[in-house]
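Quick heads-up: structures coming right below.
Both of the next two complexes hold chain A, though its partner changes from chain B to chain C.
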Partner chain A sequence: MDGITGVELIRAAALLGAGMSMGFGAIGPGIGEGFAAGKACEAIGRNPDQAGLLTRTMLVGQAVSESTGIYALVISLLLIFVVKG
Partner chain B sequence: MDPVAVSLIVKAMYALGAAFAVGFGAVGPGTGMGLNAASAVEGMGRQPGTSSDLFRIMLIGQGATSTPPTFALVIAILLLFGMGDATYLVQGFAGLGAGISIGAASFASGLGSSLPASMACEAIARQPHLRRPFTTLMLVGQALSQTPLIFALLVSFLLIFLPASPDAGILQYVARISAGICMGFGSIGSSIGSGLAAELAIVGIRHHREPEKASGPITRTMLLGLAVAQSPSVFALVISFVLLLTI
Partner chain C sequence: MGDITHVPTFVVELFGITLTVNYLTVFNTWAIMATLIVLAFIVRGRIKETPGPVQRVAELYISAMDNLTRETLETTSRAYFPLVATMFAFLLLCNWWGIIPGFEEPTKDLNTPLSLGLMGFFLTHTASIRAKGIGLYLKEYTHPFFIMAPLNVVGELAKVVSISFRLFGNIMGGAIIITVVSWMVYSVALPPFLYAFFGMFVGTVQAFVFTMLTITYIAVATK
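Let's turn to the complex of A and B:
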């Protein structure tokens, strides 16, 4: 491999960064949202009358937790399509 | 580098990919199936009368948990037997990426799908008359915990079978391995999260005043929450496809 220019190197690093950003960025929201869903189910078991309130609160909390995953998605797309080296 | 050296490097990368797939991919399911057996044994010690039920549920749960390492094994065998045909360096990077993708996903969904299975064994030992809703929740949770694994398998197949062009440059090399990292590690969160949700849903039925009526509303909320929890792995799938198909 003798023909790697500086621009290519920067693009390649950006592509690797895009994969790592989305890959590792998806771990947190995935575990967090699953935990929220599970705790909502547990709470409905203890207090079935409040099922509506619990489901609503779970969805709001998951939406907030989702935002970190969306940050990772946005940064990945920027690294793939915007960074030109 | 002369052509002989390149084909040797490609073979070495295929071997590394296969090793990562099965080596890393066996950690989660192995630990998980052991924990599952542990909670079944604990339950039998507490309630020897339920031992035949517990044994059956333990085997069903372990059977479902051994799907992820089987997929990893399939990819590893494909890589090991596809070694001879691979000639270009880009194929080597793709093989390594395929191994990372399925290895990390198998680690996570093995661990994730063992969580509801362990809790189901524990719950059946304490409330044997509720074994039907417990088993249903366990199987639904395991199936959903393995959705990201299917995404990772798809990306691995694409990486292995996507046609390689001889004039691919460093961008294609990096994009292949980056797609594997993205899908593999991106599936960890959703798999473990889905397993946790199903585990806690079983706990919810145990605490309900009238457990016979509980499974409907609890399953509804669990499915809603799990649908949201799958979205990070869908994002990872999208980024992997973009890396594979547009670069």
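Let's turn to the complex of A and C:
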């Protein structure tokens, strides 16, 4: 046992940071996409003829609001695969 | 599992500049373009008065794209329709390309989405200058107050980053999840469903979003 070296510490911090980035980054898109889906359900209930248009608009809106989560994913991937310590 | 981070590169020295090329992306992009051209020639050869199944699918695609551009761009839709239809077909095939064994999605490489995003950026600003004139175009940057100009410039540049990273992140994330889960289950039973979700569903949605956002940016800029 010769203790933890600096390289291992950097690796550990990068992995921890990757997990935290993804965890916190997923909160916003999760809430936002759920809200969009809920509103779309309400709208379809009120007006079932427009279900196709509403679903399409909902999917586009969700994919756009997902981008913050995707940024978190990209940061996590960078931390896992690029930071070698 | 070990091939996630491996990027195949090919280094060229050209007039003293070192160029690093991911040859797999280049090959797959050219293969997709060739497929699209061959498909176009097949459809073109079969155009008849009474449409067959191939022509019917092509007409369905063309009219759907035409409706989409007409709804968003109204008067200038004819000018942008070829771009929109081609871009959606290209991105759709790009995102589905990984389903074929042995091939990789070109959109998994950041360079493909980034170049398409930059193309959209230059197109938007050219269209804006052409529609409003250079004076009104520059005046828009100082929209609420003069002090906001740097913020507006950053906002325009952030559009390129957000549109390209969205496509790249979705496809790359899907590819990594497919690789990791396939490794965990020894490629038994689960991978086809993962390909169906991350390749077909997410790929279609993201191709649509990318195309839709590009025409929305053009529509907002020319209004």
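Here, the second predicted complex is superposed on the first by the 83 of 85 C-alpha atoms of A that agree within 3 Å, B and C clash if a C-alpha of one lies under 4 Å from a C-alpha of the other, contacts with A are read in each partner's own complex, and residues count from 1 in each chain.
Convention: contacts are C-beta pairs under 8 Å (C-beta built on N, C-alpha and C of every residue); 3 or more make two chains touch, one makes a residue touch a chain.
Since the model is a prediction, treat every value here as computed from it, not as a measurement.
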* Answer with clash or fit: chain B and chain C placed together on chain A by superposition. => fit
* Please indicate which partner A:Y71 is in contact with in the superposed arrangement: first for chain B, second for chain C, both, or neither. => second
* **First (chain B), second (chain C), both or neither touched by A:A12** => first
* To do: Would you please give the vertex angle at the Cα centre of chain A, with arms pointing to the Cα centres of chain B and chain C, as a multiple of 10°?
  => 140
* Once the structures are superposed on A, label A:F24 by its partner contacts, choosing first (chain B), second (chain C), both or neither. => first
* Asked: Is A:A43 touching the first partner chain B, the second partner chain C, both, or neither of them?
  -> first
* In the overlay, answer first, second, both or neither for which of chain B and chain C A:L59 touches. => both
* To do: Based on the superposed arrangement, let me know which partner A:I4 touches: chain B (first), chain C (second), both, or neither?
  => first
* Asked: Touching A:G34, do we find chain B (first), chain C (second), both, or neither?
  -> first
* Structure fact -> The superposition places the nearest Cα atoms of chain B and chain C at a distance, in Å, of 6
* Structure fact -> Intersected contact list for chain A, partners chain B and chain C 59, 63, 66, 70, 73, 77
* Asked: Mind pulling up the chain A residues that touch chain C in the complex?
  -> 59-60, 63-64, 66-67, 70-71, 73-74, 77, 81
* Asked: Which chain B residues qualify as touching chain A in the complex?
  -> 1, 169-171, 173-175, 177-201, 203-209, 214, 217-218, 221-222, 224-226, 228-229, 231-233, 235-236, 238-240, 242-243, 246-247
* Structure fact -> In the complex, chain A touches chain B at residues 1, 3-4, 8-9, 11-13, 15-16, 18-20, 22-46, 48, 51, 54-55, 58-59, 62-63, 66, 69-70, 72-73, 76-77, 80
* To do: State the interface residues of chain C toward chain A in the complex, per the touch definition above.
  => 4-5, 162, 165-166, 168-170, 172-173, 176, 205-206, 208-209, 212-213
